[in-house]
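Common to both upcoming complexes is chain A, partnered first by chain B, then by chain C.
Showing the complex of A and B:
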């Protein structure tokens, strides 16, 4: 069985890092020099996609697709989203517009949101209360999506997000039957 | 949304790129659109398109160039020189432009009436000439 999972979120949220942290194969990246330092101070940015794989057994693997985060690359989003099981939405809590960014990506990936196939990972949190902001925001919108504090440099953190997403997708599939 | 991307290009860069696009236009009567962008998708210069159209085109050119570069590397086929999309109504040609410290991308669309070889030669020559001019321009800035 092959499952496809997306990593979505704004520029600088850690999508490439997350895929690199968990991929069992050398990740494929499409990086270019980042000239938009107002959005993020990182040196490079993804311009087409990131790709990695997690091998579960001989016949099963999880394909990981990272989306470019900037709106100017939004034409890539539906191309890469085709056939995806769900998405991990990464946010950077230190960004002043993190909640607005959450809304933006919820809207852009409304089809996945509506079937509960989305998990939120928030990076650079200072304490557990920080996560409450996002949980409360989702609750106010009538959404029950898992939200985790995460450090995408650590494999276990990223695996937790992926495992939650797969578990939710399986549960949703059972409920739909 | 949020902050509009704000990338200020060095003075003179736009003019230099624009001049080379106009030269390219002169050599190819079937050229429909041509743009020069940064490798991360910001338009620098354009002919036969609006700034809004250029923004979409340059983002796609950057993605195409990035993907082509990665594919070239993955399949161990040396350095990427360019990408050609053969379409029903013409050709889309994308070419990497080497520049000190950063890379640019030149994208050109030609009508179906254009000769494949001529279009390919023209964009190759334009990228080469632009690269040479950019190197000279950067050196003049340093001096």
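Showing the complex of A and C:
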């Protein structure tokens, strides 16, 4: 049995870091020099996919996909979202367009959003008040989606995001029965 | 019995000692318990000889040539005699219930904290704290969150006193530990017996939340994630929450109560529909259950 969790979000939000924190296998990443310093000012960026895996036993595991954050890879998103257990959307609060980026991803992953299978982790927040902007934005759209202050450099934070997706998926199993 | 705090201002050391002795002699003769405090900024009533400072909070009694009232001031004849003092204290006690006649004293501590709408110094059963509503901050001298909650959980809302104006501890602000005010309200509300106080119906009311709790920052447990998933998705009854989590209904109610006090947009509507959720926890061999085990979830953090 194979399942998958997506890590999505703009460039530099922490997708590669998050997958590395929880993957059993050394994640396969496809980092290249970042020439797109307008989108994010870091040395490398993921150019194809990050790929990690959580083994459960011989024939089951949960695959972790980090989708490239650059806009020009949008075309891959719907293909990868198909059949996913859920998506972790990572945002960078220090980015001036973070709320617009939230909208962008909510739209692109509308199918997951409609079954509650999307959790938002906002990085680089100063205090709990910073999360209020995102909560208010989601509320105005009638969406009661989880949004947390997340620092992906800490494994516990990444685990909370995954556990939230599991709790939601368990609810979905029950509702569908 | 209510405790009222009396301070003095402008009295000589000798007069202060006399006042202290007089108060002791009156013990048991007044409706409230009167205690002397050093600083008028934390007093309910201040006895003033001379001119009261402009920032003096609470009730002011002026030493005067006669007793009675003059504008907002109580007057007490000087020098203070025992009968003059007891008259003054009883006059203030008569006035006191009127000031306290808000519904607040019957509210729980979490409820009272949730109602704070301005930055304020608090005295919570002797523990000094500072609440910043806009900044979502609760500052106290207690150095761990768990200890703070443990201490506050046994206190009822009636023991909270709002201290007006400047507080002596303000000068040591840096020494106070900042916590999230909402995180404090959340943890306290979870520990309150909401099922009794809210009078919710187990199957004839449907609940929903508009915003997810700030898990990770606020106290978090696996069962809370499940309840948030349920009530965030669709209106559901308390009974649904019990079915989904296998928890006692008291905990489900406490969760919804905490959501409301943290302003997560709790909605309640009447329903006659029978409960919809029919299955409990996922089978232990399910992929999700195994993923949980593998990752060591139960996530637990306070």
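The rule we apply is simple: the second predicted complex is superposed on the first by the 171 of 177 C-alpha atoms of A that agree within 3 Å, B and C clash if a C-alpha of one lies under 4 Å from a C-alpha of the other, contacts with A are read in each partner's own complex, and residues count from 1 in each chain.
Just so it is clear, a residue touches a chain if its C-beta (ideal position, glycine included) is under 8 Å from a C-beta of that chain, and two chains touch if they have at least 3 such contacts.
All values derive from a computational prediction rather than experimental measurement.
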item	value
Partner chain in contact with A:128 - chain B first, chain C second, else both or neither	second
Touched partner set for A:147, first chain B, second chain C, both or neither	second
First, second, both or neither for A:139, with chain B first and chain C second	second
In the superposition, chain B vs chain C on chain A residues touched	C
Partner chain in contact with A:75 - chain B first, chain C second, else both or neither	first
Touching partner for A:171 - first (chain B), second (chain C), both, neither	second
Touching both chain B and chain C, residues of chain A	none
For the chain B and chain A complex, residues of the former touching the latter	1-3, 5-7, 38-42, 55-56, 59-60, 62-67, 69-70, 74, 102-103
Complex interface listing, chain A residues touching chain B	10, 28-36, 38-39, 45-49, 68, 70-73, 75-76, 97, 100-101, 104
Contacting residues of chain C [partner chain A, same complex]	135-136, 180, 182-183, 208-212, 214-217, 220, 222, 225-226, 228-230, 232-233, 244, 265, 277-279, 281-282, 286-288, 290-292, 294-297, 299, 301
Interface residues, chain A side, partner chain C - complex	1, 3, 22, 54-57, 60, 62, 116, 127-129, 131, 135, 138-139, 144-150, 156-157, 159-160, 162-164, 166-171, 173-175, 177
